[in-house]
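In the part that follows, the structures are each spelled out as structure tokens.
Next come two complexes, and both contain chain A; in the first it sits with chain B, in the second with chain C.
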Partner chain A sequence: MDIVRITFLVGAVVLVPAALIAYVLVTDLGVRLLPPRTQPRIRPWLWILPSMLAVTVFLIYPTIATIWLSFLDKAGQTFVGLANYGEVLGDGGVLVSIRNNIFWLVGYTALVLVFGLILAVLADRVPYESAVKSLIFMPMAISFVAASVIWGFMFAYQPPGAPQTGTLNALLNLFHGSPIAWLIDHRTNNAALILVAVWVWTGFAMVITSAALKGIPEELLEAARVDGATELTVFRRIIIPLLAPTLTVIGTTLVIFALKAFDIVYVMTSGNYNTNVMALRMYQEMNNNHNNARASALAVLLLLAIVPVLVFNVRRLRFQEAIR
Partner chain B sequence: MAGVVFEHVYKRYSGNVTAIADMNVEIKDKEFMVLVGPSGCGKSTALRMVAGLEEISDGMVKIGERVVNDVAPKDRDIAMVFQSYALYPHMTVYDNLSFGLKLRKTPKAEIDKRVREAARILGLENYLSRKPKALSGGQRQRVALGRAIVRKPQAFLMDEPLSNLDAKLRVQTRVEILKLHKSLQTTFIYVTHDQVEAMTMGDRIVVMKDGLVQQVDTPQTLYHKPVNVFVAGFIGSPAMNFLSARVTGDGRASLKGDGFEIPMEERVLSGAGARRDQDVIVGLRPEDLKDARFPGREGMPRVPAKVEVVESMGSEIFAYITVGGKTLTSRMDPRSEDLQPGQPVQLAVDTDHLHLFDPKTERALVLQGEPARV
Partner chain C sequence: MAVGAPVTAEVAAAAPRPARVEAERRRIDLGSLPLNVALVLLTAVWIVPTLALLVSSFRPRFLINTTGWWQALVPPFQFTLNNYREVLDTYSIGTAFVNSLTIAIPATVIPITIAAFAAYAFSWMRFPFRNSLFLLLVGLLAVPLQVTLIPVLQIFTRTGLTGTFLAVWLAHTGYGLPFAIYLLRNFIGALPSDLFESAEIDGAGPVTAFFRLVLPLSVPALASLAIFQFLWTWNDLLVALVYLGGSPDVAPLTVNVSNLVSSLGQGYELLTAAAFVSMALPLIVFLALQRYFVRGITAGAVKG
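Let's turn to the complex of A and B:
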């Protein structure tokens, strides 16, 4: 059995590149038959054709199919127009998910950016910088599922009086506070979930910000100091504006991630206690309710939410290339 | 407007590295002082200590009457022009110029007046709304100057402000900075590694080497009375020639070295501080080695030499010639154009401008016995 698998694997690793090289060589023979002046215009298109095909099959087609599905009934037979969207948007659970996604969008993005920035600036000023940065970056290497399990221990709750096994509640106990059901209490649970994601991603924001920070010439800061700026003014008027492009890139990445939030909620609360998010709700519609139409409608809504961010990102990229 | 004083200033870095040792320099109010020396001599560090960007390990720096050792850069009322210009890339030229004034809460109308005036002086009026990226190197340099001018500071500090400009622009800007100094009537402290800049710009020059001040004086004095071999060799282009020799002779004295003997008048020799039977380093400026074939040089001592390379500059000729295995530079007039490499030549030595140094201490013999003066 294993032999078959290994053969298949090796075959894939060796044969796919071989096939691509053969494709390039063979098509190039064809291109050479064309008049010399048209050759440079045809060649690039032939080279990107395989990836264009892959993108079409694996991205464009599913997107169109999903949009189409969202206009059909549950069985996928009859066209029902916007009925699925009406149902979805009339559902209290979905509205809670949308609200929670907005929490994620704002809270998660802002906290990761702010913590990343603060840590990058602080780390820049200590001699043991790389050690600190490695430590803070480490959660990035952990999957969200594992991070959720770890934080499950942090948030664990026992009724008052019982020994508290969760770290946070044990601490509360130490100061004679009554334990909090972090993941169940409506006042804390969304924040608790977002905190886990913040813990994982802060290191990423810090590393990128730190690199951009080091790209700011020291003389610029010195010039500002001589010009009469306090350290705070230097930070506000020089460092922040110069970091802005970097912070925007990180920010948009985080926004997209916040809209896609799934794993942490799935593992820690399964979306119960008013912690559900759109992506998880979509999964539940598909897997638990077997309603592909509504799941598709949710997917399309998520896609619509992400498109502006994507457009912004691409524009930003073009702008930066233009001013370079 | 104020003078700047260094009193026994030291700069030490961790690990016992001394960047500056016992610096004592008094820069007068409205003076154009140049700090010059090879890279790593401590000149930039000294400037940065005046700006407050570098801590003072020991001693005192005064701006005017005020000791500024513990005063933050923003409160020192000085302006600085950096080598890289350090313009704020996200601000327009106008904002770059007005940034310092805004931070000092200058009234808006006053800011506008000063910015426009500085822009007029520097020819930047048409560029006020541009970002630094859209300016040429020379324009950026002028924005950096303008940023200093609008502040009307106690002193201008300039850290190699011309080294990123091309040769032609550098000469132009040199003149502009001098004009600026004249019209602003403010103390300028100017750091450069280029002795030509130092000689042409400074009212006085501080020559530094390895963190030690070698000599502080006017350009002319540095040129004609260098205190040691380093200053003698650093100031002047092409550099001074050095030869090892011994003061010899019964009766008539002479300087005798490998491949040459220069008879000397007793008067000149003792004027240069030399005694009989003493080893010396002889310093000869290129212009004091002349082609002996031409009139007016009959009385000068002769040294036989061989031409190696001839560089014609048009108005003058630099001849590289060997005397006793050492290559010397001679600055000749265009009459010597016919000199060919490999050809023997008689040099006439103008002994009136001869410099003699102690081979051990490398100090000028005339100063021997005097305390080291800085």
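Let's turn to the complex of A and C:
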């Protein structure tokens, strides 16, 4: 670690916050010079200014610019209307990516919610609950790149007859099945990639579901049991309906992630063998093909797919604010 | 981890159950053997992949290619540190580790500082369009990064920032802010209003109230946010890939390891070691701060 790098780090970690705090202190001194009635009108804007600036430069402006770019030609000069959209939607590879994103959307969201719910409900009934939850939640801390290496090793494939070092194919061998090239075989590869994401995210769903589960009053469950309800009935008729709002919130997070899926596919298959997804395809158009027009059109399609979730989030928040 | 939607607030809503009831519920169900078996099996399925990686990273190459990792668990034990030595010496994993730190620390500190200012203003100051601006931020939570990549890259290229750490810090700041402001506003907005009224009576201005009251009381929220943002920036691949490029001088662990996957292919003795180096710090952060993390989220308003 050279001295330049250390100076650089210290500068960023100490000087930047110091400068930001100085910004607040100095501007407030300025505000106090104003007449007392004007002060509260000016002050809030100075406090939100750094954030709004960053959000404008890195989120709002680029989103608008990308939408605009998607209507221009490859050189970014001439307006071409919807031509880019026609081009990408006429591309067989893009259609496969859209299909795969739908696989992700349905398979990943459903599996994470179901596993999270099952684990939360089961773990709630044992004394070693916190150990189980820690272990299941742990993959959330690591990168998708690391998760891809972990699972690449699980899915490792050798031709029949050779020793299978991949855990899944070794298990198949044990039951006299022939080994499967999980990541290449068209019947299994999308499911295999989705499984990696499910492995990572189940802990997230489990922890939140578990917190909501502990908020259900015990008397309610007891009353149902006294009335002769079986555990299954209690689960279906009481626990599930009461957890529904929480599961919906988790679901929206998962849907957004499913649509943005990138890292796992990039590392494990590079989108080959019919496993590509929209986010990776967009990156490839931008980075490999240097076609910003098509890349922008793909990004906008991705945004359009997310808009319903976005609207749902905003409306839910407005409702929460209203009942506050 | 990429937390993309307002979800943490729900955790805060769920109060812990009283200990007595807890004990009763457990006693009733403990006798059920199938439940315990199912749970232990599921947990085992969850940890086996990580275990396989960890064990393999200490095995010599000739064994990795011919035998399964589970065979390392029975004698003769043959373990080695060579894989780690090789990825550190030959594949610049050490540099990548330092690069990841150089990216993640400022990319955590900067947005949290700015977000704290904004969250305070959104909670306790009155100004026109306050709610609309906040709703805009919530809307931005869901915007996919892909939609920002091209214009931001053009800005960085025009200003000569492409390939520098500064570019990645700024990008992570912009991308992390909506979530940071949302989380902090939920917390700061829930502080009791008498606190601010009595501070005002005592003659404390907004600046004093922020540094003396809001910041100290928000430590749990700031800490859990710091963990979120640190893990998110440490584990990020896309932002580093696009704005830094693949040069080994600046590439973080995620970029370096993903390059190794495509160049080494089946060289699992090295891949597992490299992956484990990239996981070590997040796992330590997670294991050390897990309790604090959960408590930070569930801690409600301050008493007194």
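In this text, the second predicted complex is superposed on the first by the 309 of 324 C-alpha atoms of A that agree within 3 Å, B and C clash if a C-alpha of one lies under 4 Å from a C-alpha of the other, contacts with A are read in each partner's own complex, and residues count from 1 in each chain.
FYI, contacts are C-beta pairs under 8 Å (C-beta built on N, C-alpha and C of every residue); 3 or more make two chains touch, one makes a residue touch a chain.
This structure is a prediction, so every number in the text was calculated from the model and none was measured.
Asks: Output check: A:227 vs chain B and chain C. Expected answer is one of first, second, both, neither. What do you get?
Replies: After superposition on chain A, A:227 lies in contact with chain B alone.
Asks: Regarding the shared-chain residue A:119, is it in contact with chain B (first), chain C (second), both, or neither?
Replies: A:119 contacts chain C only, not chain B.
Asks: For A:45, using the defined touch cut-off, is the partner it touches chain B, chain C, both, or neither? Pick first, second, both or neither.
Replies: After superposition on chain A, A:45 lies in contact with chain C alone.
Asks: For the overlaid complexes, name the partner, chain B or chain C, with more touching residues on chain A.
Replies: Partner with more touched residues of chain A: C.
Asks: Of the partners chain B and chain C, which touch A:253 in the superposed model: first, second, both, neither?
Replies: Touch partner of A:253: chain C, not chain B.
Asks: For A:145, is the partner it touches chain B (first), chain C (second), both, or none of the two (neither)?
Replies: It touches chain C, and chain B stays clear.
Asks: Tell me which partner A:286 touches in the superposition: chain B (first), chain C (second), both or neither.
Replies: second
Asks: If you lay the two complexes on top of each other, which residues of chain A touch chain B in one and chain C in the other?
Replies: Looking at chain A, the two contact sets are disjoint.
Asks: Once bound in the complex, which stretches of chain B touch chain A?
Replies: Residues 51-53, 72-74, 76, 78-80, 82-84, 86-90, 99-100, 103-104, 133, 147, 151.
Asks: Under the definition above, what is the set of chain A residues touching chain B in their complex?
Replies: Checking each residue of chain A against chain B gives 217, 219-220, 222-230, 233, 237-238, 241-242, 244, 323.
Asks: Taking the complex as given, what residues does chain C use to touch chain A?
Replies: 1-7, 9-11, 13-17, 21, 25-26, 29-30, 32, 35-36, 38-39, 42-43, 46-50, 52-53, 56, 64-70, 98, 101-102, 105-106, 109-111, 113-115, 117-118, 120-122, 125-127, 130-131, 133, 135, 137-152, 155, 165, 169-171, 173-175, 177-178, 181, 205-207, 210, 231, 234-238, 241-242, 253-254, 257-258, 261-262, 266, 268, 271-272, 274-276, 278-279, 282-283, 285-287, 290, 294, 298
Asks: With touch defined as at the start, can you tell me which chain A residues reach chain C in the complex?
Replies: My answer: residues 1, 5, 8-9, 12-13, 16-17, 20-21, 24-25, 28, 32, 40-41, 43-45, 47-48, 50-52, 54-55, 57-63, 65-66, 69, 118-119, 122-127, 132, 134-146, 148-154, 156, 163-165, 167, 170, 199, 202, 204, 207-208, 211-215, 218, 245-246, 249-250, 252-253, 256-257, 259-260, 262-263, 266-268, 270, 278-279, 282-283, 286-287, 292, 295-296, 298-300, 302-303, 306, 309-310, 313-314, 316-318, 320-321.
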